[in-house]
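Each of the two complexes below includes subunit A, the first together with subunit B, the second together with subunit C.
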Partner chain A sequence: MSKIFSYSFTRSYFKYVFSALILIILILQPFFLPPFWTCLATEILIMGLAGMSVNLLLGYGGSLPFGHAAFYATGAYATAILIQKAGFHPFFAFLCAPFFAAIIGGVFGLVIARLYRFYYAMISLAFSMLLWTIIRKWSSMTGGDDGLTGVDTIPILTGINNSYYFALIVVFISIALLWIIINSPFGWTMRAIRENPVRCTFTSISVVRHRYVAFVISAFFTGVAGALFVIYSHSTFPDYAYWVKSGDFVAIVILGGMFALLGPMIGACIWILLHTILTASTVYWLIFMGIFICAVVLLMPEGVAGLYAKIRNQYTLKYPFLELSGLAKKEP
Partner chain B sequence: MFFETRSLRKWFGGLKAVDGVSFHVKPGEICSVIGPNGAGKTTLFNLITGYIKPDEGEVYFKGDNITARSPVYITRKGIAKSFQIVNIFPRLTAYENIMVAMLSQKRKSFKIFQSAKSLFRDECYAILESIGLGEHALTSAGQLPHGNQKRLEVGIAMTMKPSLLVLDEPTAGMAIEEKAGVLSTIKNMIRDQDCTILLIEHDMNVIFGISETIWVMYNGKMITSGSVGDIKNNEEVRKIYLGEKE
Partner chain C sequence: MEVVITLFLDGLSRGMIYFLLAAGLTLIFGVLNVINFSHGAFYMLGVYSTFLAVKYMNMGLAFIVVPIFLALIGGVAEFVLFRRIYKSEHVMQILLSLGVIYIISDSIRLIWGVAPKSVTMPSFLQGLFRSGNLLIPRYNLFIIIVTLSIVIIMFLILYKTKTGSIIRACTINQELTSCAGINVPSVFLLVFMAGVGLAGLAAVIAAPVVTGMLGMDAQMIIIAFSVVIIGGVGSIAGALIAALIIGVVESLGILVLPGFAETFMYIIVVVVLFLKPDGILGKPMT
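Presenting the complex of A and B:
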């Protein structure tokens, strides 16, 4: 019994040290890099959070959610509308907006949580496009195709650095909550549902109910990401609900690795950096992005985190002391 | 009556897989269902455990009508099933397989603000030891050899603390020594957990070795039942299943 505890403890030690190092770099980064990179880092954090929310259903739940742009847009539009139309204080609007996303997730989830595979993906896509249409048509509330611009932000967050640190704090808290959820009995039950939903029903696990709750939680955190983006960018547009955005979230999960908690964050980093470099280099950047996605799916199906785990495990075969020290990663 | 079925029927198109099966199980006994391939044994077990719904007939467990209820409900009621074809959580470790079942049995599967691996460690480890997988706790279930996967399969069912444990060919594909291990685990379960066992097996040594009551199925019907001696000496059973005596 003590074997289990000590194994995971030594395995975590290395991860905690590495994570602390990354956090220090993130905190000090605005002092060393130009504002352009701080803006980029903010966008990476927000997109990474959205990806991690999607991964709650994809990597840990075994579903393919292809409509999470709906919750991202709900978080964004709820923030903007509460500030501009309802006169809410921006911070209070930011706190309320994810709950709107969770409510929309609760409504969509009543249908989606019962579905599997292809049907799950297509119905979630259909629902998000429904929301996109509503956003575009309801121009009195949402600004229609023009979106909502000039949204007031939280008063102390004027300036790029302050927005960045706010995003860092919110994303850090969200990651901590997601980590708690993933390692909780609920998180492990979701993994079991991913592995074998039939066996779960014979273990008295209500598969539909668990998938529904996971769907609502995922919608909530995607709403946080959407709300954060409005606080950062002071605007929101209908294409935040478009299916391409949902595709982006799935792409960064696959790119970064769906079996690691921070995989989507790595994926967001690579995705946004690649996008920035390619758009600055060539007008045909979409072709190269497409080739890159194909290469990842064919050569690295478990993403960057999965590739890293494979390399580390191969390394431990040659050097057994790594296994003993707890640096070797076991199967997810 | 602890457990009984009344005139269960299930058709698959024109095929009568289960054709008016009425049988019962007494509490605390080891009851086996035998029959040649295609007799309908697995279909009967699937009907009992809620995997498929019967076309006619009823199933009663501890006085409650559990006909056509979901597997989630039936498992919660106290009937746990292990599958003929290994049906585990392949990318989770053996410990995690048992842990997930334990969390469900203790009704903790919706808990979010607790660490799953800190809960019920001793109990999970005790179950792993009792099924002989204590050393393989951290091995991925999918990488275990077939015999160990079958043990894990039975272990997951045992974790649900059932009153009636339904085992569909629990020793299929195992070597003789492994079979003995699984059988002693089953016997210990009855002794420790006051559990009733209902099993399908093709290995006659296993059946005659541990059964108290044997039901014989053929072409979707129960043709006879009795003790080990009754069944061994029954001419009809011999003809259809055990082969003619030379």
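Presenting the complex of A and C:
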């Protein structure tokens, strides 16, 4: 009996106890905290999911995806348009929307997957801005600059608590799927491509094809996040495709740590909490946000998860390029 | 027909402004190998400062004061922030410049407020040139002439002076240059300041024809980066060609498909990146 409370037992099972605690808090939270926190938690979950799908390409794939706002917006607009204009049942629209995002990702990826580093970032940026202009101009379908509002949501999900649980379930399933993908042979191949693409080509791994598939998968999950956001907020706007939003996704990935699976979730947590606190304190919150980003990049480039790994002295295979944080330069 | 020529010249002058902006960017990217997304934010700062400068002095002094002011701020930013990320991953550089964008654009909102600002054109530059049926705004010609002279001055500095050859040497091989006894960090500081100063010049020239709005920085940086990509990173001649192409396409695009001018630019970027990722004249410092 005393063994359960011994030091070594708690240390080894600390991970599981901690995650169980977090899960319990997440599930029971709406009963304890005011609805404002439930709203925040939903937004954190959605943004964390988007960050994790970006991290599939950034942390595990070694690319620089800077245009994922396009897929977020596609998921959001597809849901909204299917519900409002095509009269689909909202749940069915929610299921279909990520596939639209994946299709768009498939089209964009044909061009993007061949490039590397800076050019990858720039062309994904160009594509996302292209989508932004199309969304703004195609007013008949997308509501133009005003966006679409008053989108019906899934009938059982009235009230913020139900939306929160729906988001929680969807995000949970998505994280599980992402975990399976990352720890499959495909995921390990992506990591190999991140470390040394030239060598992978020489071992007859098709770098372009792997990058393409990863891009489409990442687009899919970002579309899920976008669709979830519409279910939660009942509206969608063209700014969801603007490049600054892609920058936000990359920021939360770096902030949370790009080598941990849940890193972006932590990053989203910090980002949204910081955003909420700052907007409540001052009108000029962007300045502090900017200072915060600069501080993170200069002082903590490996993110919260990386910092945690450093503290625990865990330079294991899971975090292979901690030493690259700010030091070595990668060649294309 | 006259409309086409007028629009063409309008596109040329627009392209010249884009070129000045992109020249600073490609200089910084080519020499320092730093992705500087905040270049558009510096440009916005320049436009707002021109508004302030024109209020207290005249336009001619603004031409000198604003670029110097912007260069000083750029120097501070370089010394405090950008210097530390030269060797970092591209992701970190982009993120840092994103942070700088936030800081600068909100500081502008803090100092100048949300109302759009505009600068009145100096009176001797207003008006049109008439040549038969042709109507050309004088300011467009002014922009073209001034930018061309700046191009010539830059070319002379880069290729005919010792400083220029030092800068070119730093682009080609940084370590060897520092082994030859040159203080490379101060060369980098100089190049960064020059780049931001060019953005300031672009801002002063563009100020009478552009309204200063919040959100201008995000818009301009995309155009500037598109120019840099199409023209080739590090190549000023390429930036010139690309900027003129984009300016003319944007201008004539109004004739062809109004409202879709920006779309053409992104399509060109995608096509160029697909066919020739290094850009038209993509080589370091041609």
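The rule is short, and it goes like this: the second predicted complex is superposed on the first by the 296 of 332 C-alpha atoms of A that agree within 3 Å, B and C clash if a C-alpha of one lies under 4 Å from a C-alpha of the other, contacts with A are read in each partner's own complex, and residues count from 1 in each chain.
We adopt the following convention: a residue touches a chain if its C-beta (ideal position, glycine included) is under 8 Å from a C-beta of that chain, and two chains touch if they have at least 3 such contacts.
Just so we're clear, the structure is a prediction, and the values are computed from it rather than from any experiment.
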| item | value |
| --- | --- |
| Contacts of A:150 with subunit B and subunit C, given as first, second, both or neither | neither |
| Contacts of A:210 with subunit B and subunit C, given as first, second, both or neither | first |
| Which superposed partner A:247 touches (first subunit B, second subunit C, both, neither) | second |
| Which of subunit B and subunit C A:202 touches, first, second, both or neither | first |
| First (subunit B), second (subunit C), both or neither touched by A:87 | neither |
| First, second, both or neither for A:34, with subunit B first and subunit C second | neither |
| Subunit B versus subunit C as contact partner of A:187, first or second or both or neither | first |
| Which partner, subunit B or subunit C, touches more subunit A residues | C |
| Which of subunit B and subunit C A:134 touches, first, second, both or neither | second |
| Touching partner for A:290 - first (subunit B), second (subunit C), both, neither | second |
| Footprint overlap on subunit A, where subunit B in one structure and subunit C in the other make contact | 330 |
| Subunit A residues touching subunit B - in the complex, by the definition given at the top | 1, 3-5, 7-8, 180-181, 183-189, 191-192, 195-196, 198-206, 210, 213, 330-332 |
| Contacting residues of subunit A [partner subunit C, same complex] | 58, 64, 66, 111, 115, 117-119, 121-123, 125-127, 129-130, 133-134, 137, 242-244, 247, 250-251, 254, 284-287, 289-294, 296-298, 301, 324-330 |
| Residues on subunit B engaged by subunit A in the complex (per definition of touch) | 49, 51, 70-72, 75-76, 80-81, 83, 87-93, 95-96, 99-101, 103-105, 108-117, 119, 121-122, 125, 137-138, 140, 143, 156-157, 159-160 |
| Contact set on subunit C toward subunit A in their complex | 35, 81, 84-85, 87-92, 94-96, 98-107, 109-110, 218, 222, 225-226, 229, 233, 259-260, 262-263, 266-267, 269-270, 273-274, 277 |
